[in-house]
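Alright, structures below, take your time with them.
You will see two complexes here that share chain A, one where it goes with chain B and one where it goes with chain C.
Right, the complex of A and B next:
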């Protein structure tokens, strides 16, 4: 694997780390299976790309993308809480609706950003090779978001949110408004996913209406993969595990892309990725099993 | 040696071989890397065309050409990683099939010549700033409908045509683009365009009728709404002797008189030839973006008769396919 391919995997891994944070909040903290992310990821991209092309500065555009993502999360939560639609179905409804909304926002299926000013443009003046810029910038973004997320989850509101997911009845008995917590959690979750989508569009040069395909799968794989390869006993570790899992998944794809020398072809990519991720998750278990056997003998 | 050691050794071997270099090609060999957003019959045909076009120009895979191909399997994030993989391998040319693949390469592999193909609107996709002189390292083939050929075809079939009726859905982005191009091309050929809008397939019949007496011929661009209700237009065209020419070849089988179109294998062949020019040392920025050159004519003489025109023998002789 070349340096550029390696840095590319890190860059995409960091971005999808933000998606993993979002999925961690909905699936793990709130216990709310949320598929909205397949729509809120391209939503973030659509909003920021359309605004940048219309002449707004990248900061405002990205901020609005985050807000739009939060609103999408709210819609799913409201469908669930107010209209009593099952959470999974509520999120699917928002997800499919967002496809049309994203088309409306962009006015066409693809908005190009090649050559426009993005958040990354000022950094290009620094003089680093271009393939270093995005990964370095995204490390910064992920660290900032991770710190905010950890502080939030340790705050009183954060504790109430964790209680809502762990045991809603108990939480209500303690005076926690579980509806408020679900609304807030879903908004925060999808806001982070929209931020990822916005940054992805800005680093890849375009927003495309099909960008959301499979985002939830990657997010889930990152969260679960992270939990498999490291301990998630504390909030700090759990949040770090999201990013580790996500980068790990991207490295697996990068390896799979380089696996052609053993007779594997382009069409085998997804299969190879799946096998690599499965192997990596199973490896530590085999190791510990072997250790245990040794101790017995 | 226990299971653990074997596992460890094999993991190490796997890791080393994956991190290590791929089989080294001879220094004189050229390297073409091709990225495609998804497996799809049209795009696959295009890719095969590129390979054959290169072979025709003397670059044969396995002999003097290293060929890498990756599909993103429909996932844009994977497409970005494919672009970066190629950026690291530094091939002589990257070929990107489809708009999203081309955009990720343009963003991620800036120092490598890029030839895009099957991109409808390279200006709108911001791949190039100028079609005749793209500049920088990017050029390619656009698969935009050849509207000028469509207008010429109308004139060949209906020699005295002055007013060209067009039915389309103003809600379809593609159609809006095509109709605005039609206005320009028609003007250049001395025709006026009469528009009839149909926002849903139920409106197509009324739109077609509105053209009776106002137009000498009807043209239909590749518009999903109108094409789905094509029979309504055919009925009006046959009743009023209004020759109907379509933008897509499939409609000829359903009863329009004629269409010129292309297939994606030929798009690939043309792309392959352009890639060969870059491999031979031309700068991509100096090569103009090309539209598809090999066009195929489909004709339906029986439909022509029903709409009151006779196709010339010359035209019939040049057709790729005659629908009986």
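Right, the complex of A and C next:
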């Protein structure tokens, strides 16, 4: 693997670490299987790319992308809480609706950011090679978001959110409004995913309406992969595991696609992903089965 | 203080399995009463507790907690006044959270929650003092996951959590029923001590008539969604299980068919 391919994998891994944070909040903290992600990722990209092309500064554009993502999460949560639609189905409805909305926002299937100022533009002036800029910038973003996320999950409100997912009846008995927690958690989760989508568009130089396909699977792969390779006993470890899992996944994919002897090609990406996720899910089970067998013999 | 006025609860109304669980029950519990509640399966014990805590909304009638009408409030808005220990030790605590996080959750029962750290240093000292009295060594395991504790230990912590903050009423829903006899006795004794020390108003559902007479200051028996009898003070002193049965037969004109109440 070349240095450029390696840094590319790190860059995407870091960005999808943000997606993994979002998936961690919905799937793990709230126990709310949320597929909205496939729509909120391109939503973040569409909003920021369209605004940047229209002449807004990249900071405002990124902020609005984050807010839009939060709103998408709220819609899914409201469909579930107020209209009593099954969480999985509620999120699929929002995701499908977002496809149209993203097309409307961009006015066409894709928007290119050719020569427009992005969040990364000021860094280009520093004089580093282009393939170093995005990974370094994203390390900073991921670290800041991770710290905020850890502090939040350890706060009074964060603790109430964790209790909501783990034992809603007990949470209510302690005076926690579980509906408020689901609304808040889903908004925060999708806001993070939209931030990832926005940064992805800015580093890749374009937003595309189809760029969200499979984002949820990658996010889930990162969360589960992180749990498979390291301990997630504390909140700190669990959040770090999201990023570790995400980078690990990217490197595994890059390795698989670069290794000629296996004969895999770029079009095999989704198949490889599905196999990796399936493996990561069954691995803990196989491990405990082996342990149990050892104990018996 | 609790004032329940003529409440009705019907489950699955208008269906073949319609169940009229609460049929015009009225009950007044003044401050400081420790009421034990007995009754056969389906008598409405759980429904009564759920109606007070807000898990179930009553069809008609009203519920006042500490002079406030809470009939239309949901569980989380009653939590400041109503504390509860569930029957299932797994239900009252979060196994994925640490012991101190569970307690931190409970120390804010009914309060607003902000963005400050949930587990504060000054709380920790308080948790330790409270845990120490359990005599289970849990004061040195604040950061352990709740899931590592046994059912009895978890139920003892649930009881601490419920009584960490002041409340109008403490609801105990057969909270020793799922434990082995020795642990059940320990948790019951602990309950008695805490209620006495903090002079709490409590409503304890139990499956055993013997237990119902041994603890508390007043005993209620429910039958078909109503109060079959209500004894306290002089009248209750010296009562035995067979007297309760006689009382029930006298008031209801029928024999009790549920043996489990006698055996427990």
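Of note:
Everything that follows uses one rule, which is that the second predicted complex is superposed on the first by the 260 of 297 C-alpha atoms of A that agree within 3 Å, B and C clash if a C-alpha of one lies under 4 Å from a C-alpha of the other, contacts with A are read in each partner's own complex, and residues count from 1 in each chain.
Simple rule for what comes next: a residue touches a chain if its C-beta (ideal position, glycine included) is under 8 Å from a C-beta of that chain, and two chains touch if they have at least 3 such contacts.
Keep in mind that this is a model prediction, so the values were computed, not measured.
For the composite obtained by superposing both complexes on chain A, the positions of chain B and chain C are free of clash and fit together.
Of the two partner chains placed around the shared chain by superposition, chain C is the only one that A:152 touches, whereas chain B remains out of contact. Contact with chain B, but none with chain C, is seen for A:208 once the two complexes are overlaid on the shared chain.
Applying the stated contact rule after C-alpha superposition, one finds that A:82 touches neither chain B nor chain C. Of all C-alpha pairs linking chain B and chain C after the chain A fit, the shortest spans 33 Å. Applying the stated touch rule to the two superposed structures, the chain B and chain C interfaces on chain A have no residue in common. Of all residues in chain C, only 53, 55, 74-77, 79-80, 83-84, 86, 91-97, 101, 104-106, 108-111, 113-119, 145, 161 touch chain A in the complex they form.
By the touch criterion stated above, chain A contacts chain B in their complex at residues 1-9, 11-12, 15-16, 107-110, 112-116, 130-131, 200, 203-206, 208, 210-211, 213-214, 218, 250, 253-255, 257-262, 266-267, 269-270, 283, 286-287, 290.
Chain contact summary for the complex, chain B toward chain A: residues 2-4, 7, 11, 17-19, 22-23, 39, 68-71, 73-78, 80-85, 87-89, 99-100, 103-104, 106-108, 110, 124-127, 129, 173. Residues of chain A touching chain C in their complex: 152, 154-160, 162-163, 166-167, 169-178, 233.
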